[in-house]
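Multiple structures follow.
What follows is a pair of complexes built around subunit A, which joins subunit B in one and subunit C in the other.
Showing the complex of A and B:
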């Protein structure tokens, strides 16, 4: 045990690289095997991938800012997704169609997302060092609150008049809502085709703008403060940064971005499962980011893009590969779920293990130093 | 006076007080809206017996400082394999029940051992990693349930002839063997499941007794202060390992008792979220991330099941719609969030 711990610091750089990037490397290998097995043509895979990249990247980018502030993977982006869904219910009720409907949805959802994010941020401040598991439980808890609002409040206290989205009993929203009025309005806003593959230019523009925003944000005063907070709470405090406020802000920004991300995601899908659409948002976004080689303390835009490509290629090919390999498509479905959870489990465990090794090394150094002083005296 | 009330609220915890009042008012309203108290009470007792052991399984890990066992599903998986195998062997009655437990314990020890090794490597981050270990092992088992070569026609899909069904009936195998053991009828609405309660009491007693032994005391010492324990010559990692194995084994037994009472084995994604209600029940009983006792298990399981049984029946009669699922989500997850955000003030 002891020997192993010492050796991690003096490990040769190649092995260190392998451990650091073990998740993307393993993933790339799996995808490389599954791709030919699935029997899908390159054209098909690229077309499918293009859709998936355009609809998922925004959500994954929403995770970056809390990582900067040292709060780990923000499982609370589910809250943002809920805010987005609430606003989509409203615009569907008001029959506002097209791109104006989409923009209005984003506008309405912003204050809701800010409130949700503020709530989550305050709770996470009370659970320092346990942000991830707490964020995860907060998203479960808020799912209950969301049900109270949407299943019991809407049509009752909150006026909803459209009978198409209300349950037959007169209040509460139906399980599935057809978003025909805004379906793919963003994707098709600027039509472009390369070969036979349609490219959703406007969606990509949104993503690029967000990337630029994140790069710019890192350089602002607030961004620098967040990085300091992420490095060390105490150092940040002594240099006059309001640590609590900065942490809450990072969660609020992330929640608002996730809310826009979910709206973009749903306009592509075209239907909304009122009570399930948000459930897996956190898991899939976080798994994709980790597949891109990010860790709990370090994540950048490159990780997002590598992750979204690798993770979703796997998503596209695994059901087909499962069918070809074992004769059961269901197998591939379960495999996808397993991989998503497994990647998160593996990355988090790897990170926790390394953190502990580093901590013990540090302690040993201090001990050695003290011993050397004692010997001198 | 105000200070005093504040202090009491601080000690008991605001969410718990709210829930106590909630349950209290449910019991008051119940007879008014025409819900029979005695049959509800009976439901609570039956469900208590069903879920009690799963809640109990959390105790060793909390005591050894491994936190709340969000990876409870590992034990559940061991229990499921045990149950399915015992049916495959066509064993019935107590024979089938105890064979299931035997196989489950064997698998739980192996899984718990591996789980323990992992948790020892990631001290301090047990909970978040365990959550995802639980999730990923459940989804991994989904693949295995499809592929494992079980043959019993009562368990596999009728169409295709391979792969286990999502729910398997225990009727004719060991359905209610424990529940009906020495059962007592009070009037027409109360059937006391003596066997289940006895079994729960026995396991609780064993856990209690274990923590009086030398190993048990050492384990509790590790939980309250690992550095102190280490300086006393206790092998911290070994103690944690034992606690993890113990928790996993008890969870495996717990799920088998659950199935025995419920009547069905639920496979595939059914166990995915099973850790949370158990954890919420323990917390409701007054436990924290660092402290838990058998008392917490009994009070917690009883109150939590109380909410689950009373809310639907009472609510249905008042508002004509079933809010119980929503209330369950808010209560159970709210309790866990509350426990996680609480400063661990009594940590010495």
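Showing the complex of A and C:
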């Protein structure tokens, strides 16, 4: 017996909306329940949220361009994060401090991120249709190379002289690096307080500039090419677009933006876990974007902001809510990791389901058309 | 057309390198040790006679007592040190000001008695 399929296009608009925005809706409900349970004051939540929005938004925005080019969620942003961390190791070694140190880190990391992005883009071009899982594996692979370079190359081949960051054996970088010299230099560059809540104005300006860049970029020739490539590779190719080059460029831009995002992230934190600060970057940024209502094929700036607010509100309230509910804050911690991976899995499953339904509908349409021709004859 | 593009790229790279150098010099941190201790120059003894309040690059560093030493970190290459004598926590208005430059890997040792007596050895730069 044939299974009854529901068409996503002929569906009741309300049901269609519910399916499309199921992740943000579920999240909003969870947050609405967890918020009063946590016992945190509005002031505390807003203060914490302000820090987290300024810290994470740039990284999430870095994901938008590959989605535009039809390459899905770029798990390869981890490569950009590694480039950012390498440059932070250098500026710490050279004792470059303040905003100059931060900008120099961005400058140094740019060519590294371009090389990493180019490398990732070429690999992803060879794995068309499976970009996300390939990106995930590329980031694992590059993590190994990063560790070899940082653990054995730095101090041996790459000159590092600062004893504060070198391992006692004389080569290799310590597990944790103190970034006090650039800690919150961007956040505190333009000091502003609303009530008791500090607003990191300069960081928000960086984010606004990136948003404007993305909006502008969509209207450029390259941006239009990326959208065409994202819709259909073959159509793009016949229109004279160099599909492979366009895809590589989208990954390069995303990697460079991610590297700036990681630098902004770490200047806010003030310490860097040399070997694992970058590991979860991709998963958390992608989860936040998906929570904002984005899908593998469609994401915009609004999704970024909705996502970062919902996802991080849950991050703020879940440990306290877990403690109030179960008596253990640790449960909230587990819950948020479980939710991050769960959201990605759910979104991917939803995407696969919709694809299958759309394909089935297409097949039915063709069958109906053939039947009608046969009946006419 | 290709040549123009090539030239633009080269100019851009040179510009980025220059910006990098500027940021490196401007953000480089230097260690400055300030001594308020006796100094002997050509068998002449210059003793520390008072406590001083110290400003480096218009930023208040701290109070330095007689026969004591303080350490400060400064960034960039051009610097200004201002000291003012202090007595019973009151500034006496006796101000001394000096300008100095530090190269990339240099640290400085400043001696206050030498500075207020306008000696050449008021600052010793070390790599």
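Please note the rule applied: the second predicted complex is superposed on the first by the 368 of 377 C-alpha atoms of A that agree within 3 Å, B and C clash if a C-alpha of one lies under 4 Å from a C-alpha of the other, contacts with A are read in each partner's own complex, and residues count from 1 in each chain.
Here is the rule we go by: contacts are C-beta pairs under 8 Å (C-beta built on N, C-alpha and C of every residue); 3 or more make two chains touch, one makes a residue touch a chain.
Source: prediction; values computed, not measured.
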By the touch definition at the top of the document, which applies to A:94: first (subunit B), second (subunit C), both, or neither? second
By the touch definition at the top of the document, which applies to A:152: first (subunit B), second (subunit C), both, or neither? first
Which holds for A:331: it touches subunit B only (first), subunit C only (second), both, or neither? first
Quick one: is A:136 in contact with subunit B, with subunit C, with both, or with neither? Answer first, second, both or neither. first
On the A-aligned overlay, A:348 touches which partner chain: subunit B = first, subunit C = second, or both, or neither? first
Identify the partner contact of A:108: answer first if only subunit B is touched, second if only subunit C is, both if each is, neither if none is. second
Residue contacts on subunit A - larger count, subunit B or subunit C: B
Overlap of the subunit B and subunit C interfaces on subunit A comprises residues none
Touching subunit C in the complex, subunit A uses residues 91, 94-101, 103-104, 107-108, 181
For the subunit B and subunit A complex, residues of the former touching the latter: 70, 118, 121-125, 127-129, 131-133, 135-136, 139-140, 142-143, 146-147, 163, 269, 276, 321, 323, 325-327, 329-330, 333-334, 336-337, 340-343
Partner subunit B, residues of subunit A touching it in the complex: 123, 126-127, 129-130, 132-134, 136-138, 140-141, 143-145, 147-148, 151-152, 169, 326, 328, 330-331, 334-335, 337-338, 341-342, 344-345, 348-349, 351-353, 355-356
Would you mind writing out the residues of subunit C in touch with subunit A in their complex? 16, 19-20, 23-24, 26-29, 73, 75
